[in-house]
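Should a chain be cited, it is by its letter among A, B, C and D, assigned in written order, with residues numbered from 1 in that chain.
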């Protein structure tokens, strides 16, 4: 066996694996950013949206045998409704929020979603058939699953949709205005309350998509939300909180570092790698590696 | 301590002494022992969150470090349980110090996430460092605690011991909050700028109280290990840290009694629910322990939405018959905007 | 303040006093504790175990109980969590006053509850596989187990490899109690068969991706892989192997004995070889096999009642509960007498023919296994 | 120069590209009431923050009683003897009025976290002294009847009084008051003026930022006018009232 080639193929394999994982973190991070920009809240239930998306998709495709496309749309809509309900029932009614109270409220919501998921779907992990088979494709000696290609493609699509929405649609521009200066936006006649609701809806939608596409590969269970949320937050901070394109790059980077760490350091500490990076970034440069510290100063912590 | 608080303390001591005469079933005494561990951790967390205003969703990690230090040193190196507990405390002081210095510069969401991340890392290490922690199989054969050569064998003995520790912790906490240091902490919570303009070293105070609360958690973990005689990573997941925050928040952040009530109430909740499930069964409702998580979450959410100051404050207001209670219900309190 | 605390403590007291209905139950009933991982990551073990136990208890009580005594099962869910298991066992012994306990489902959980059992002198029949649960037998006076021995499983796997001339193998094991025990056995017995372990990897019970470990195994040049685990994560290994286009034979442990694991592995699971009880391939067991009658009746009952395929694990609950019931029939519910009776039991069960003795608290040998293979999502007996 | 307690020498503070304070030099005479006036955004509060260590100067020096304060943290500056209040009142709303002032005695007491936890007898005495000193301040500011009321419930005028009482409790040599009369009615403003003069009589130097010109001209010994971070005039109230630059700055060019 040619060992140089072997090493190259291994690295390539880890890169593919890393980008695949990282795509999910990137999407979770985008979800964090949307809500953060609209409200200044970090939604601790972000990971639960991913779980709900994954589990709902499992039920629709595996139990009800619906087509992938139809289930996909249905699942995203379902999770969006959950996101809107969360905002209407738990965030909107709080008239005098303190940071601590908001943190605990979103934690409470995450516990509730987790509890409901456990009651409906049980505690076992759920597997789901891949979108288009499991026969791996060759890629410069490494192998790649069709599902992985789906993940790359969907992340790409989400990013494009994101850019179009925030740059070329009125609603998107209004949301950006709210993110930059809420009071000014309100004076300009933008309904900021509606924008908050919309941000929860979109962020839930992105979470659901992430959950749907990753489930065939990792098998979903009710308890995965916390870890996905934490790593997604790591990506969001690494990319500079509030900066969604930074989050995409950071998410992918985090995934790759994690995969390489698992391959060359220890697979047992794989989950810890992303978290250690998160802590380091928070401690050394809370504005993120890719974010600017000047912009950070303007935001409230 | 003085006034109402010392009366409350007196009542606490009396209740601690009296309960084993009323409840004779060892199992329920055992449940109360677990409640004591949670009380201990929650008192520390209350000092940190309620008084100094710094959130931590990572105190389960300190409980874990205390428990694992005790477990490893006693079962593998045959140390005395007391010495192992002390060692756990020292390790936690070092860890809390190294974590606290950078972490406590962060505020709000960032601090919450940093501590949550820390808790998660500790849990991962407990699972993955198989040679040290036994991995998912955990550590068996942890000895019992002895008191002056007298081994605490029965649940009742352990009950008295652990609740004495809780009483001591309550005593310390009340002394602290009504002292110069306690006022300093509350000042930091009120306004960091104003506090430092009065000569309070904010960083040092935050780190000190972080360490103190971590030590409470560590002792709680060690006592847990000696009581269970067995530990594994299961109970030390992120959810445990969240649960501790829940207990403090449900009881009432700004009051030691609140934390105590929250910890006791939520520790007994699963028993209450399993008791309730026997009756629900009659009504045709099949309640499963699985629903507990849902109940915890709902309680937390309802408290945070309608009684943000916690049950204790809510109860106290109701007993005073004060109008402000209804004001709070409607969420119309002023002066709390941040 | 004082008043409020007093009211609170009184309320708690009243609450607790009322919630002890079991203590006042009729003395004539036989109380048996069951600790299964009904939910959680090992629910594919615990759920069929609970179903089986409930089914048997119903059957016995419908037939008038055990010598007129009603059999009362106290089923506790460990969720596969060791700490919950310890608490559950304490609760069964202290609150429910059970005379014996069956379960837990998992090796790690069983190991965790051993100190409590040793202290409280209540017999326990474990449904978990690792041999260390009952060895050394002097230290495990009160503990028995019904699944086949892991050393026998290793021997059957190595027999098969020897027959195929495979020498260089890799092992990948879960870090749970079952996996760790299996890893020890695999390494220890390898020398006996002159098998060379070229790679030794592990994974955690919650891991979702084993690509990194498998790449190392691939590069080490192993000719076969043994994947030894009890939790659903084990079915990710064949998937990852397929993804990496690894074609070496994959052997699993007897912890693979639930058809759901094969389903979770999907088409990647085809061709997996593992040692399993005959229960998984009842149809292919010859008529003259002493187990045949038991196997057929249990399989029919279970599948009729629960509309799902029977699994090895439900069989463990069947064996353990019947061994206990037979003992209860003979000596009543005194824990010490029960223990002595179980220690001398001869019983034809789903896992094999049991011959317990003071030196053997497992009672099975390697003939209890058949080598099985996954074929199109089904288990079939592997023909040489 | 020996009579000045605070000296600012070519003090400069940049925020990114914006210059908030530009090469400003100013001496504050010991025992005086000096007022800083100027339009909004002139850099007055920035100067306060520089003096009290909440911000650090980009260049230049701050000397207090001969000691350079450039890189010293706020809590140490308080210990050196500079007290301050804030433009938007920063009392501790959940603590009672007396407890607010007791926090001000922090520097005059010593109990650390360990002794505070076990409360040995000698600390009870310290605690009594803290309370007595706080009660003295309460009496001085005539807030006794509110002693046990949560501070957040006081009317704004009393909150400003409380903030001053708390700053006085640290026994400062120099007191910085940031718009103490803003939001107060006419009667309260007069009372505030009387209070500031009483503070001067206690031999405490006062540095005042205030928009109420009547109050400033009434009580100040010395007035400094700042615009765009620069000192444009200084002198006695009478001199300032007649200074053309000042009139221009206030009326706009």
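Basically, contacts are C-beta pairs under 8 Å (C-beta built on N, C-alpha and C of every residue); 3 or more make two chains touch, one makes a residue touch a chain.
As the structure is a computational prediction, the values presented were derived from the model and not from experiment.
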item	value
Chains touching both chain A and chain D	B
Centrality ranking, top chain (CA atoms only)	B
Euclidean distance of C-alpha centroids - chain B vs chain D, Å	41
Where chain A and chain C are represented by their mean Cα positions, the distance between them in whole Å	38
Whole-Å gap separating chain A and chain B, where each centre is the average of the chain's CA atoms	31
Two or more partner chains touched - positions in chain B	127-128, 130, 290
Per-residue multi-chain contacts in chain C, two or more chains	39, 175, 202, 204
Numbers and ranges of chain D residues touching at least 2 other chains	none
Category of the chain touch graph - line, ring, star, complete, other	other
Pairs of chains, among all present, that meet the touch criterion	A-B, A-C, B-C, B-D
Touching residues (chain side chain A, partner chain C) in the complex	1, 6, 10, 13-14, 17, 21, 122-125, 127, 129, 134, 136, 143, 145, 217-219, 221, 259, 262-263, 267-268, 270
Sites on chain B touched by chain A in the complex	49, 53, 55, 57, 102-103, 106-110, 112-114, 116-118, 120-121, 124-125, 127-128, 130, 238-239, 242, 245-246, 249, 253, 290-291, 293-298, 300-301, 304-305, 308, 331-334, 336-338
Touching residues (chain side chain B, partner chain C) in the complex	4-5, 7-8, 10-12, 14-15, 18-19, 22-23, 25-28, 30, 127-128, 130, 135-138, 140-141, 155, 228-232, 234-235, 257, 261, 264, 268, 271-272, 274-275, 278, 289-290, 315, 319
Footprint of chain B on chain C - complex, ascending	1-6, 8-9, 12-13, 15-21, 23, 39, 77, 81-84, 86, 90-91, 94-95, 108, 111-112, 114-116, 175-177, 180, 202, 204-206
Sites on chain C touched by chain A in the complex	39-41, 43-44, 79, 175, 201-204, 207-213, 215, 219, 221, 232, 235-236, 239, 242-245, 263-264, 266-268
